[in-house]
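In the two complexes below, chain A is the common chain; its partner is chain B in one and chain C in the other.
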Partner chain A sequence: MKNVFTKHKLMIGLVCLLIGFMVATLFNTNKQPDSRDTRDTWEIRTALQEEQKVQQNLYQEIAEAEKTLIEYQEQTEHQQIISLKESIQELREKAGLTEIVGKGMIITIEPIFLNEELQEYPSINAELLQLFINELNASGANEIAIGNQRIINISPIRDVNGKVYVNNSSIGNLPTDIHIITKDIEKFRDYIEVSEINDYFALENVTISIREQEKVVLPKYDGAINLQEVHVGDIPEVGES
Partner chain B sequence: MLLPALFLLIGLLLGFMTNLSIPEEYSNYLSIAVLAALDTLFGGIRAQLDSKFDQQVFISGFFFNVSLAALLAFLGVQLGIDLYLAAIFAFGVRLFQNLAIIRRLLLDKYYLFKKTKKNNDISTKIN
Partner chain C sequence: MIEQELADGPNELKDLVDTKITLQKLTGELPISGEGITLTLKDASYIPSKDHANQYIVHDRHIHQTVNELFSAGAKAIAINGQRIYRNSYISCIGPVVSVDGTAYPAPFVVSAIGDQDILDVSLNLKNGVIDMLVQDNIEVTIEKKSKIEMHAKDM
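Moving on, here comes the complex of A and B:
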């Protein structure tokens, strides 16, 4: 027993101890825990509810699509053509390729002059207009047209040489009319009136005025929709989730 | 033979119990150092089995290899060359060589042990 702890063996043992320690440290370093889920029950429940809503919407869409499919299958050829044409018309309306008339409002973006001598003529920029369009969509606008340019899903709003272009044509100088069709005019109006966007407009020396109208006419989108880069997605196999 | 293993175990326990971890950017150096240490350890075992073990060589080899590997990795980071790969390659190859030699030496010893046992058995039977 006396001979066990000779200097010779102790040194080797020490080296082994060091190796063990290094390995353990390296192991600890590489095994840092991943970012933990720190949401509490309430947050998780809210997230779950949102997901469920999304799921419900998807189910609804599937049900509608299946209904259309069954309709197609049950009809005669002539009826099929008619319902196909109806579908096409419906889709064209959805895409904004038809003129649309409805109850809505006209929002006029107009300049305000605080000091006529020192102030240059106010203008808006594309970014602000984009923000405004987003705000309109968020407050429940169904269809929007800026000037005589219909806003569809792919409508670009750009700054070109200091002018704002919508659908590749200039909206000109202020004032500009924005035509909107919406289901709930009152709610929409309240939403816009208290919106932060008014402050942003005020920064540019611009104000908006809203007037309701029984009959608002929105022009159709007359450009070509470029579907070159649009491809049919992979259709999942039956049974795949 | 038992004592180093015991110390290795103590070292591992110590490391795990203190729950020490180093910053992510230095873990590269440590991994190289660990590889160098393992290489030295297996080299030492091999030398022991070859009966050529020299403590001075072992101790100095351990510290020198570890620090050189870390230095090489550091230099690599500074120069933008993945020099630590060189260290990994060199130590890795040597590690496997040493392991192979250790295996052979152990097998030789085992055969020798078996042979002598057999001989002993035969001789006892004759007697």
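Moving on, here comes the complex of A and C:
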């Protein structure tokens, strides 16, 4: 009898102990002070400003998206098709899939003959042409075509059997015309005239001549565009905030 | 995306939307992702003291050649250290860094290309191809096949 009584007491004791622990833990978690904010006013203000900028950008994006949404919803199917076609046309122009006419210049890469009897017919290689295109881009060319090959986002320039291939077709022997459309012709000309590229051309016995033109016609890219395996990513556009 | 919803509608609309998305992928108006390979070009770690260090570092022409080789092998999009390059991009060597469209990147340079992994890999590894040339110029090259390469959209 006495034995049972102590067991009973022991149980109550244990339960009380458990409850005590739980209460203690509860108090402890509730009373935990928040981590102290040690930033000074200036830092908080900067942080606030940054957040506000982000907020503003987000509002702007929402507004733009809503505008497009409303436009889409308001339009009938026929209008939708028309506006889609318009934006496709714009994109094709941007991508270089249309013929384009503009102010610019024609640069001719031509051989120079120093000693006609001994000299081989000069030629250029892909490396030099890559470098030249790079120089043209650095000096602000907007659109470029080499021979009748328009340069687009995925245009390769490569040596194949001693010939230079652009867009996977040969540009033939020199002289070669490069058609360029640019906004700032003066700046462009100055940049090219002092560029190191002239020395590299001279090493290969070729020279460039620049002719400014009011009207330069650039052919369209006529290869196939296949981007089946490329998916639209889900990464958000990086905004400067 | 609302365009996707519209695409579920009539056929003509769907074709147009598909065309638009393809063009946006090409011009960089949309972020893109896909399988492909990445190349890491590193300056040589060992430079014999009698030689000039210039012979052992990555130059812009190395990157030009790599990029053009990848495009001729059918790469759909290429980025250098995460920055996608377009037809009017320029890459130049400024001292120890390489600048892409005015943004400077230090070595190592990571060229990532979206496209068919096997074709890209084979064309880079051709005898006397790009890899051979880079190795000859004392550059440490690593190729890695990636199942997903992501590229950001162009900043407008």
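The rule is short, and it goes like this: the second predicted complex is superposed on the first by the 153 of 241 C-alpha atoms of A that agree within 3 Å, B and C clash if a C-alpha of one lies under 4 Å from a C-alpha of the other, contacts with A are read in each partner's own complex, and residues count from 1 in each chain.
In the analysis below, a residue touches a chain if its C-beta (ideal position, glycine included) is under 8 Å from a C-beta of that chain, and two chains touch if they have at least 3 such contacts.
The model shown is predicted, which means the values in this text are computed figures rather than measured ones.
Novice: Chain B or chain C: which reaches more residues on chain A?
Specialist: Larger number of chain A residues touched: C.
Novice: Between chain B and chain C, whom does A:K85 touch in the aligned arrangement: first, second, both, or neither?
Specialist: second
Novice: Does chain B (first) or chain C (second) touch A:S209, or do both, or does neither?
Specialist: Neither partner.
Novice: For A:A24, select first, second, both or neither according to whether it touches chain B, chain C, the two together, or no partner.
Specialist: first
Novice: Have a look at where A:A126 lands relative to chain B and chain C in the superposition and call it first, second, both or neither.
Specialist: The answer is second: A:A126 touches chain C but not chain B.
Novice: With the two structures laid over each other on chain A, which partner does A:Y72 touch: chain B (first), chain C (second), both, or neither?
Specialist: second
Novice: Going by the contact rule set out at the top, does A:P156 touch chain B (first), chain C (second), both, or neither?
Specialist: second
Novice: Which residues of chain A touch chain B in their complex?
Specialist: Residue list for chain A touching chain B: 4, 8-9, 11-30, 32.
Novice: Can you list the chain A residues touching chain C in their complex?
Specialist: Touch list, chain A to chain C: 68-69, 72, 77, 80-81, 84-85, 87-88, 91-92, 94-97, 126-127, 130-131, 134-135, 137-138, 141-142, 144, 151-158, 165, 168, 225, 227, 229-238, 240.
Novice: Write out the stretch or stretches of chain B touching chain A in their complex.
Specialist: It is residues 3-16, 19-22, 24, 27, 30-31, 33-34, 37-38, 40-41, 44, 55, 58-59, 62 of chain B that touch chain A.
Novice: Going by the contact rule at the top, pick out the chain C residues touching chain A in the complex.
Specialist: For chain C paired with chain A, touching residues are 2, 6, 9-10, 12-13, 16-17, 19-35, 60-61, 64-65, 68-72, 75-77, 86-92, 114-116, 150-153, 155.
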